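Look at the two complexes coming up: subunit A is in both, with subunit B in one and subunit C in the other.
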Partner chain A sequence: MLIIMALLPFLGALLPSLMIRAGRNACAIFTALPTFLALVILLILSPSVMRGEVLQAELAWLPQIGLSASFFLDGLGLLFAGMILGVGLLITLYARFYLSGEDPMGQFYTFLLLFQGAMLGIVLSDNILLLLVFWELTSLSSFLLIGYWKHLPEGRQGARMALAVTGSGGLAMIAGMLILGNIVGSYNLTDILQAGDAIRASDWYLPALILILLGAFTKSAQFPFHFWLPQAMAAPTPVSAYLHSATMVKAGVFLMARMWPVLSGTDAWFNIVTTTGLITMVLGALIALFKNDLKALLAYSTVSQLGLMTMLLGFGTQVAAVAAVFHIINHLTFKAALFMTAGIVDHETHTRDIRRLGGLRHLMPVTFVIATISALSMAGIPFLNGFLSKEMMLEEASHTGLFGSPSALPILATIGALLSVAYSFRFVVHVFLGPVRDDYPHKPHDPPFGMWAAPALLACLVVLIGVAPFLAEGIVTAAANAVTGADLHPHFKIWHGFTPALWMSVVAVVSGAILLLQYGMLDRVWEALPRPEAKTIFDHLVAAVVAGARRVTEITHNGAISRYLAIFTIASVALGWVAYSGGGLGPRTRDLLAVPLVVAVGWLMLIVATGYVVVNHHHRFRALVLIGVIGLTVSAGFVYLSAPDLALTQISVETVTIMLLLLALHFLPKVTPRESSLALRLRDGAIATVAGLGVGGLAYAFLLRDTDTISDYFIANSYEGGGGTNVVNVILVDFRGFDTYGEIIVLGIAGFLIFSLMHALLDGPAAKRLRARDYSQDRSHDRHPLMMVVVTRVLMPIAMVVGIYIFLRGHNAPGGGFVAGLVVAIALLMQYMASGFAWTQARKRIEYHTLIGMGVVIAGLTGAGAWLFGQPFLTSAYTYVHIAPVEEFELATAMLFDLGVFLTVLGAVMLMLYSLSRIARFAGETVNMEPMDYDPSEHVDDGKVKV
Partner chain B sequence: MIEYAIFFAGICYGAALLLDLWRIAVGPDAADRILALDTMVVNVIALLVLYGLWRGTAVYFEAAMLFAMVGFVSTVAYCRFILRGDIIE
Partner chain C sequence: MEFLVASAVGVLTAGGVYLLLRLRTFPVILGIALLSYAVNVFLFASGRLAIDKSPILAKYGEASYTDPLPQALVLTAIVISFGMTAVLVMIGLGAYLEADSDRIDIEDTEEDTGA
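On to the complex of A and B.
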């Protein structure tokens, strides 16, 4: 049940976006449905929780790292889940009437449900890793909600700021939670809650505390992170009412309450949390008083009230914890109602500027009543619920000392209360009282019932709890017991007698009212005072971070490949040197072999050709010829060193590469310009030499020592396991078939990429440059020489047979799909070269794209076929078949896989060369449809050749 | 006896390779280099065959065949490049 409840909002999040097609009402109903179902489940579960039971449910997720999807429901979770779901329902109703026709409502409700699910996850998680996941989800989904009005720059900026602040706090919290989990040895919240003493005694207590508090303070907008909340007010009002009064900003308070049994009770906790809460409470209230934007006023008042709750939790006493829990409920009711009334005022008058409002009580009587009740509760007037928890706060504050001073805290708490009275009164007096004006941007009147129903319900709760506080005792007791871990039975009373708290209240209300009477004068003083603007500071901070990041990026990533290669090479050489100097190198166990004369020739060829390329690489064509020499020598070397498979592959790849480079070179300058200074070239030369010597030394060291390699395993198991005697091929298609599968996919993607890049390139300005280029080279007039055409036609079937042969025997002798694909590709390319692009293209039956796709699909299906026999992906099987006239031969599934490799290689190579050769068409070169320049068969007439 | 013959032939082809390398290095023009590279392929093929004879296996013969088949293609490509510029028209 618990898991279903936690998942309902996420599942439900799919509905609104679909149901919006059925109309706005259907959309709202289907948003309310999952919320309502979850609330019903919660109500069913609540009686047992109220009795003090803790419900648990667990699903293993990643048990290896201690992450399980486990949920639990205790009193605190019940309180918060009830708030999240209950207010969620009200907000759904309110938003239905608040959002205008142009707003994408389905999207809004989807975001809302996502957020609701994330929030519900936080309060129900029994695993702190899971809690972190949900914590980040609330940051993300609130980003979407705050930035819902994408067209407004304030909305986007506010969303970004909220994400930056709460997101970085979340990062800090991840670290803190991991430390906590390490101390306890378990990531389960229920285990952690039992281990309070061990945690407080640990050396890591303070870092963990600070990191977790950073997360909580940023989320709950505590000083000095309070600035994001007012900026987030650019969100639609339902979002502000939901996220910024009832739920998200309370997540930090929730976390502090959740961790209260393990983290509180130390001096560090008291000093940090109480001081932060106190500063936030007073500062928030002070700023709120002077805000002219209705929602900004409410935002700062929320900051202040959250400070109050934080401070109460910071006290560390059980009574204070009860007061904090009680105030969470009370604040929710009046603040959500106030936000919604602010939204109504904005909706009706088209302004939220208090200076342009006033006298609304005659025009909007219903709204006026709701707003007044809620605001008076916020001010702490008797018979409203705000009074009760504020009294408890003042009572606790009156006998708590701070930093050795017994009177500092009571005085500051009274000042906080006084300011909150002042801004609450201001909300009512400056908006609703006073004379009716005739210059509202829009003539206001009360909204439809659907819009004021939700705040009216909340206002009823405000009065109900205020008059009959015992109604809330049950849930507060359950939650407070869950927070403190004790068995408390608090009783709420309206009248406590003439206590210090009462006098503090009286002082606060009277002075608050006086303050408001003097508002005009105070406002001028406030405006004249210099004060730091949080948004500007934040913007500068972000700009500085961005600039710093950019500087680092520009130093390391300046776009010059020479720098990247230099950094990479130096790092590799340094690592190699560290490994070498570590002394892990054993003594030599082998002797040098004699060098035959011909091999020495090959060695000399490699050295000379390589050196020549280095010196002459500016002449691109000459360098290409030299690369041909190197490729040839390396291929011959592979043959000599008993790697015929490699040799076959290498020589084919060389040929294809040369053709590719020649195709490209036609459209490139034939000489590379000299771009680096002499010093730079010397530096690069030195680096290259050192790296080359390093690699050479490494190879030398390895060749002289016997090392254990995995080759022995492959050789031993190749036939038995893979059914082939060619170890190289068995490795490719069997042992490491998954690797090969990935590689052919990459190869296919590379082919497509070149194709589409070329497409994009030739559609762009490059095509114009290509056409404008001068190709007036002195060209031979033999465009498609007869000789060459005939030879390539004859070679075609031979090459195909060779390709098929190499493919078929690949499993047992040198060859395989890869080489075969290259050989066939070369055979086809010869036709392209001999008879031209258009003629060959016209005879192509299958698109190269299709070949690639077929190859990957065949290989994939072969691999998946193993599943049918209950084997893991790509398990191969083989058997021997005997058909009468043919010798006995082997059939292996690996061959089918190899067919996939073959097709992909063929398709990819052809697609690449095809793409490159298309450039010429775009450059305006002509094609011819004839197979050759001079076709003798067309000119034969009675044995005589026409001229 | 055959060992001596193979050894002698190997020396000859090795020397030919070095001469090819010389021609590729000094040029003077592209056609010289392409021809030298083609000759080099032929010489390498010969060496592979000799090596196969010496080791008494057919594997190298096949490799030599394949070298012959694809080696000629790059020569054609180089030639088309200097004659026509575009190798696939």
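On to the complex of A and C.
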């Protein structure tokens, strides 16, 4: 039940976007549906929670890191879940009428439900890692909601700022939560809540506290992070009412309440939280008084009220915690109603500027009544719910000392209350009272019932709780007991007698009213005072960070690849040296093998060729030829050193690589200009020498020493388990088949990549450049020589047979899919070389893309076939068959897999070279209709051949 | 023999790194080719050197074999390094055709005009 409830908003989030096609009403109804269902579930669950039970549900998610999708519902969770879902329903209704026809409503409701789900997740999570996930989700979804009106620059900026501030706070909180989890040894909230003493005694308590509070303060817009909330007011009003008064900004308060039994009760907690809350309360109220934008006024008042709750939690006493919980409910009712009325005023008059409003009570009587009730509650007038919790706050403040001074806190709290009276009155007086004006941007009247129904309901609650506070006792008790972990039975009364709190209240209301009477004068003073603008500071800060990041990037990442490579090489060598000097070298255990003369000559060839390539790399063609020499020497070395498979592969890869590079060289400059200075060359030479010595030394060191190898297993099981005597091939297609499968996919992707690069290239300006360039001098007069055409035609079937032979014997003797694919590719490439690209292309029947695809599919299906027999992926089976004229041979599923390898290699190699040679067509290569340039059957006269 | 292989790996690495640090695409591609040889031989040599001990199981009698595992790894590495070289060649070619220059470093235009 609990899990279903937590997931309902997420599941429902897709509905609005789909249902918007059925009309705006259907869309709103289908948004309300999941919310309503979740609320019903909550109501079903609530009686047992009210009795003090804690409901739990768990789904394992990533148990390895202590993350599980576990939820629990206690009094605090019940309170918040009820608020989130209840206000969610009201907001859905309100938004239906608030959003205009041009706004994409489906999108709005989807975002809203996403946010609702994330918020619900926070209050229900029993795992702090899960809580963090939801925490970040609220930041993200609120980003989407604040920036909902994408066309407004303020909306985008506000959304970005909110994300930056709350997101970075969230990062701090992740660190804090991880510390907490480490102290306790569990990430389960229920475990952590039991371990309060251990946490407070830990050395890591203070860092964890500060980090978690950073997360809570940024989310709940506490000073000095308060500035993002007013900026977020660019959001549509339903969002402001929902996120920025009722739910999201309370997530920080919720978290502090949640962690209250564990973290509170220390001096650090008291000093940090109380002071921050107090400053925020007074400062927010002060700024709110002087704001002319209705929503900005409400935003700063929210900041101030959040400060009040924070301060109460900071006190660390149980009564204060009760007051905080009570105020959460009261603030929700009057502030959401106020935001909605502000939205109505904006909607009707087309302005939110208080200076252009006034006298609306005659034009919008219903709205006036709702606004007045809510605002008076915010001011703390008796018989309205705001009075009750504010009274409790003042009572607590009156006997709490701060930093050794007994009177500082009561005085400041009274000032905060006084200012909040002033701005609450201002909201009513300057908007609704006074003479009716005739210069409203739009003639206002009361909105349709659907729009004022939601705030009216909330206003009713304000009065109801205000008159009969015992109605709220049940839920507040349940929540407060969950916060404090104690068994409290608070009783709310309107009349407490002539307590200090009452006198503070009286002072606040009277002076608040006087303050408003003198508003004109105060406003002038305020305007004249210099005051730091948080947004500007934030913008400067962001700009400075961006500039700093750019400077670092420019220094470290300046576009000189050769420099990165040099740094990389030096760093690798240095790391190798560190590793070497940290350990020792074991004794030498292997004897040197003898060096026959032929081998020494081969070695010499390799060294000389490498040296020549390095010294004469400016002549690209010559260097390329010598690369071929090196490759062939390496292949010969493989043959000599008992690696026939490697030799076969190396020699065929060598061939295609050289062809590829030759093709590319055709379009590139033929010589490299000498542009490096001598110093640069010496530097590079030194780096290269050091790297070479390092790698060579390492190789020499391990060649003289034995090592443990796992290969004995392969040799022992190759025949019995894999059915082949060529151990290397059996490893490739059987033991390590998964690796091979991955490799051929990579190769196939490389083929496609080259193909699409070629296409992108030929569609761009490069194609024009290619056409303009003249390659005719490079061209041979005898491009398709008779001898070559004839020889390649004769060789073709032979090469094919060789390829098939190599493929078939691969399992038992050197060969296999890789080599066979390369050999067949070379045979085909020779046709291209002999008769030209276009001529050969026209005679091709199968697309190379298809080959790659078929290869991967065959290999994959072979592997998956093992599933049919209940075996893991790529388990091979084999048998021996004997067909009369042929020798006994083996049929293994591994061979089918090797067929896949063969096809992929063939397809990829062909696709790569095909792509390169297609460029030649663009470079103005002519197309020959005949396979060769000279047709020997044609008539010859004058000793000249007709072309 | 061991010395020859080790020194060949060292020389190939040094040559590869030197060419890698050049300023034009083609030498860099050649450098990568040399480095691929070096790396492949290096990996292969980690199975230790052996002569006439191919990892092909003998039908009759006892025989000793060289380590087949590095060979299997290197075999695929050779093929993949071809694929990588091909992609690099294509990118280099594309860059040359698009920019009409085969330099690998981005020129610092701001500094050029500012100085």
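Throughout what follows, the second predicted complex is superposed on the first by the 919 of 947 C-alpha atoms of A that agree within 3 Å, B and C clash if a C-alpha of one lies under 4 Å from a C-alpha of the other, contacts with A are read in each partner's own complex, and residues count from 1 in each chain.
In this text, a residue touches a chain if its C-beta (ideal position, glycine included) is under 8 Å from a C-beta of that chain, and two chains touch if they have at least 3 such contacts.
Bear in mind the structure is a predicted one, so any value in this text is a computation, not a measurement.
Set against each other, subunit B and subunit C differ in how many residues of subunit A they touch, and the higher count belongs to C. In the superposition on chain A, contact is made by A:L665 with both subunit B and subunit C. When the shared chain is aligned, subunit B and subunit C each come close enough to touch A:Y640. By the touch criterion defined above, A:E743 lies against subunit C but remains apart from subunit B after alignment on the C-alpha atoms of chain A.
In the superposition on chain A, no contact is made by A:I122 with either subunit B or subunit C. Residue contacts after overlaying the shared chain place A:L795 against subunit B, while subunit C stays out of touching range.
Of the two partner chains placed by superposition, A:L298 touches none, neither subunit B nor subunit C. Contacts of A:L113 after superposition: neither subunit B nor subunit C is touched.
With both structures placed on the common chain, the touch criterion links A:P814 to subunit B and to subunit C. After overlaying the two complexes on the shared chain, residue contacts for A:T689 are found with subunit C alone; subunit B is out of touch. Counting contacts as defined above, subunit A residues 624, 640, 644, 665, 813-814 meet subunit B in one complex and subunit C in the other. In the complex of the two chains, the subunit A residues touching subunit C come out as 558-563, 565-566, 569, 590, 592-595, 599-600, 603, 606-607, 610-611, 613-614, 617, 620, 623-624, 627, 630-631, 634, 637-638, 640-646, 649-650, 653, 656-657, 660-661, 664-665, 667-669, 672-673, 675-676, 684-685, 687-689, 691-693, 695-697, 699-700, 702-704, 706-707, 709-711, 714-715, 718-719, 725-728, 731-732, 736, 739-740, 743, 746-747, 750-751, 753-754, 757-758, 760-761, 764-766, 769-770, 812-814, 818, 822, 905, 908-909, 912, 915-916, 919.
Partner subunit A is touched in their complex by these residues of subunit C: 1-27, 29-30, 33-34, 37-38, 40-42, 44-57, 59, 65-69, 71-72, 74-76, 78-87, 89-94, 96-98, 100, 102, 104-108. Within the complex, the subunit B residues that touch subunit A are 10-11, 13-15, 17-18, 21, 24-25, 27, 30, 33-34, 37, 40-41, 44, 47-48, 51, 59-60, 62-63, 65-67, 69-71, 73-74, 76-78, 80-89. If you check the complex, the residues on subunit A that touch subunit B are 597-598, 601-602, 604-605, 608-609, 612, 621-622, 624-626, 628-629, 632-633, 635-636, 639-640, 644, 647-648, 651-652, 654-655, 658-659, 662-663, 665-666, 775, 777, 779-780, 782-784, 788, 795, 798-799, 802, 813-814, 823, 826, 829-830, 832-833, 836-837, 913, 917, 920, 925, 927-928.
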